[in-house]
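Labels for the chains are A, B and C, by order of writing; each one numbers its residues from 1.
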Amino acid sequence: MTIKKKPNYNFIIGSILTGLIVALALVSLVYTPYDPDAMDAANKFAGISLKHPMGCDNFGRDIFSRVMEGTKNTLFVALGTVAIGTVFGILLGAFTGYFGGILDEILMRINDAIFAFPSILLALVIVSLLGSGKYNVMIALGIAFIPSFARIVRAEFLKNRELDYVKSARLMGAGSLRIMFVHILPNTFSVLASSVMIGFNNAVLAEAGMSFLGIGVQPPDASLGRMLSEAQTYLFSTPSYAFFPGLVIILMVLGFSLLSEGISQKSV
Amino acid sequence: MKRRLKGLFLVFVLCTLTITLCGCTGDKAGEDNSSEITIGIPQDLDDSLDPHVVGSTGSAGTREVLFNVFEGLVKPDSDGNLIPAVASDKTVSEDGKTYTFTLRENVKFHDGSTVTTEDVIYSIERCADASSGEPLVPAFSNIESITAPDEKTIVIQLSEADTEFMAYMTAAIIPKSNADPDKTPIGTGPYMYVSRSPQEEVVLKRFDEYWGEKANIENVTLKIVANADTIATNLNGGAIDMYARVTSAQVAELSDDFEVYEGTMNLVQALYLNNEAEPFNDVKVRQALCYAVDKKALIDMVSEGKGVAIGSSMFPAFGKYYSEELSTYYEKDVDKAKALLAEAGYPDGFSFKITVPSNYQQHIDTAQVVVEQLKEIGVSAEIELIEWDSWLSDVYMGRQYQATVVGVDASNLTARDLLERFSSTASNNFVNFKSDAYDTAFNNAISTADDAKQTEYYKECEEILAAEAANVYIQDLPEYVALNKKYAGYEFYPLYVQDFSKLYIVKE
Amino acid sequence: MRYIGKKFVTMLITILLVSFFVFVAFAVIPGDPALSKLGTEATYEKLEALREEMGLNEPLLKRYGTWIVGFFTGDMGTSYSYDMPVKDMILDKLPITITLTVMSFLMIVAVSIPLGIYTAKHQGKAADKTIFVLNQIVMAIPPFFSGILITLLFGLVFKLFTPGGFVSYTKSIPDFLAYMVFPCIAVALPKIAMTVKLLRTSLVDESKKDYVRTAYSKGNDKNGVFFGHMLKNAMIPVITFLGMILADIAAGSIIIEQVFNIPGLGRILLTSISNRDYPVVQAIIVWLGIFVIVINFCVDLLYKVVDPRMR
């Protein structure tokens, strides 16, 4: 460790980008320049102007408002996905890691089997069972994300359960559940935080991908992936239609990945 | 890579040339002059390519392709007349009950065999076979007997006169010897089927022993463009030479290499409502939706104002059967719509789901505008996009849906074909429309031999559909056919068909 | 040897588990395959007869047994919507997806390893910093977006390829490969960035280790140490990562196929999913699963070769 600490650029830039994107999504809850679904025949493919900073789409809808709305939808799905993934991942990882034994062996085999699947593929299978739509995609991706979180948490629990503080807590008569969730869990947070960010990163990409394929957010609801898909038709004449949603996805992913690196740098 | 670069250079030179020549002719950047054309289609053809099955339960997208492969005793021409095809001559007796056809000399099937009266009888009896419920062609239940007095003549005897019967004689003639018509379609048309690769392409080849005027282009490849968003780039890039139904927005994206032919699609685009599903089992709710939709604004939005507003299950190409006044049966009236909703017990509106096949951009666009318009009366709709095959099985066959936006076409030139589906017992009544008045009017129409009266009855049917608000009728969509300027000869039909045989390559 | 044997058995068990899960998942979902096969022609008698014929009345475990035996002997059932053997459908499209995967993978390896070494050797220099920033950005570009940009730029503006003009390998292999170049670039780009970054970090970490310092201080040839020891050790995490990537590309090809209108396994999978053509979905998923598991097995073996300390 050097004495003069270099500023953690990853963390700073990541926070700024993520903050901007989250702010954009939060603002869209209360205000968008136009109703994102409102159509206006007179403004079909209107160019970039002060009134429409990103122009208008084939229905004359304001792209900026739709990008805001789409950011919100994407973040919402990502949030749900990561929440499902972490909650069940923590439960699964905590129990298997703490208790070990035959249950651990079985669950981890299953976990490995699921983990073997790329998450988008697993999500596709689950969507084929549940049907498409925003919430189903959230559940599908959430389930697909459980194994990776379970793995991380399990590894942490395996490491921690042999440590002195856990042993002393046990000697003082603390119950297993108390030890697991009051004593050990907080110690895994630094590792978890970084993987949650990576999870966000993957969830955003997966959601955008699924919407791009037409099985995520359904029209006319705005979604970044779907906007990109629709923009393909107008690629030549109105490239801005594809550019802005794409840009926001990139910034979002960039923000999360920088943040995750920043967090792991900090905790070193 | 070298070839690519060479191609790039060539394109560059040609582009410059065309610009200097003020682009009067399309640039011929393509290398080959062998006669072939690649045509984009929105979805894979049906599993079965048996023309009789397709004619009865198949999709329009498959039918329009098979139009080039199969023919009936007669077939429609581009003006909507029935012209002799496999039969060279036809006569109808005075009482309208006896149809006599003379078989054309030496009509060959694609497998090289000659069409015989046996094949004709086999084909028609196959369509009339009622042993597994309704016959494939319901109108054929009227056939009393079909005989071949000699090797060139077919006589069909009807039990009752039917003025529209001739239109049904477009039913495909297929060889009796073909053991597997599902997979190896053999017909008499100008093109023969070669092969297919699931979700990739279908290949047709010119039939050189065709009895009539042979097709111009030898090889036709139908390429499936499953992602509607890439149609414009595929056309501009040169991956496909033709696409039959581009949207007006896509037209605006096309380069100068393309000629856009304008016509009408000849279909009834509507927000089809499942008349048995809550809340659409209440006529007031259906009427409220009709009052809520502003057809003109919608057409301006999705079809650049070029669609034809319609008010019932009939479109203008049907001439005398079409009643224009129905298109204004419901004028947009938000207050009236809200009042009707309140009467029906939905003062605060309701929400429902519109299921739309994902491969038809026009229907997706229309659905989005409808959703927007319905918001004004407090009804919130959400769209679910599904694959075409799922649409067929869930919505069309299974009737498990609330509402859907699609276009319904006619498979031949009879009003009966469009209207029969709304009679209570019709197997393709996918909107579950039930009305005794309608059934009576429809039965009157098909059983009368008097043409004028029949038209009256059919118009009555249309009016009932409008009054009962069976569906929220929207428009007959404009059809834009994008064809690379290397080719020409596209012809519109008053039906939902594509005639590839008339296409030809433009000489330089 | 014992290590390999143990890993091999684990692999087999995992494959069986995966296939069992997939089978059960599709067996318990609502909807009767016999009914969906019959469609509107269904009558009660026909339905029962078909259920019997399809073996749907057997207990679940027995059905799984029949299916898995058939699966590995080449009988993967019949597609509902195409009424053709699933095996033929998959075999027809497999070369396309394999080409896409292998070609992108080769691109990733060919570009990222030299680039990773270069940046590690020029640590802290301007080139390293530029590549670092570029890397971060490229990593964040989803393949479908880069696919769209590539279509616009190289397809429509420069006309280096025909967007959507996929040529099947059955018609012309050179044309087929030429078309696949750009989709592969779209797939490879973000993965290249990730690999470069990982290799660089790994090399930098390695260079700080004692043995390297000792080797340098003893006056050993710099390049000798670098390629003889450091690179070998630094490659261990990279190999794991590349193994994971291979699976990821195969799955990610579904989206890229959609952008470039490539009728590969992904397209079949996607349409089969929405058509509820379960025999096809089952087969593709299980094959992809097997592919992933076998890759992981190979990565484990590679470990052993690269790092003899591994047990």
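The working rule: contacts are C-beta pairs under 8 Å (C-beta built on N, C-alpha and C of every residue); 3 or more make two chains touch, one makes a residue touch a chain.
Since the model is a prediction, treat every value here as computed from it, not as a measurement.
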Looking at A-B and A-C, which one has the bigger number of contacting C-beta pairs? A-C
Among the chains here, which has the CA centroid at the largest distance from subunit B's centroid? A
Rounded Å distance, subunit B centre to subunit C centre (Cα mean): 40
Per the C-alpha means, the centres of subunit A and subunit B lie apart by a whole-Å value of 44
Could you state the distance in Å from the CA-based centre of subunit A to that of subunit C? 22
Could you list the positions in subunit A whose residues touch two or more of the other chains? 132, 229, 231-232, 235-236
Where in subunit B do residues touch at least two different other chains? 227, 230, 233, 236, 386
Shared-interface residues of subunit C (touching two or more other chains) are 151, 156, 258-259, 274, 276
Interface residues, subunit C side, partner subunit A - complex: 13-14, 17-18, 21-22, 25-26, 29, 136-137, 139-142, 144-145, 148-149, 151-152, 156, 247-248, 250-252, 254-255, 258-259, 269-270, 273-274, 276, 281, 285, 288-289, 292-293, 296
Subunit B partner, complex, touching residues on subunit C are 36, 39-41, 81-84, 89, 92, 151, 155-156, 158-166, 168, 178, 258-259, 261, 263, 267-268, 271, 274-276
Subunit A contacts subunit C in the complex at 109-110, 112-114, 116-118, 120-121, 124-125, 127-129, 132, 205, 208-209, 212-213, 215, 225, 228-229, 231-232, 235-236, 239, 242, 246, 249-254, 257-258
Going by the contact rule set out above, which residues of subunit B touch subunit A in the complex? 227-233, 236, 249-250, 252-253, 297, 300-301, 358, 361, 364-365, 367-369, 371-372, 375, 382-386
Quick one: which bits of subunit B touch subunit C in the complex? Just the residue numbers, please. 1, 4, 7-8, 11, 44, 47-48, 57, 132, 182, 197-201, 224-227, 230, 233-234, 236-240, 386-387, 389-390, 393, 397-398, 427
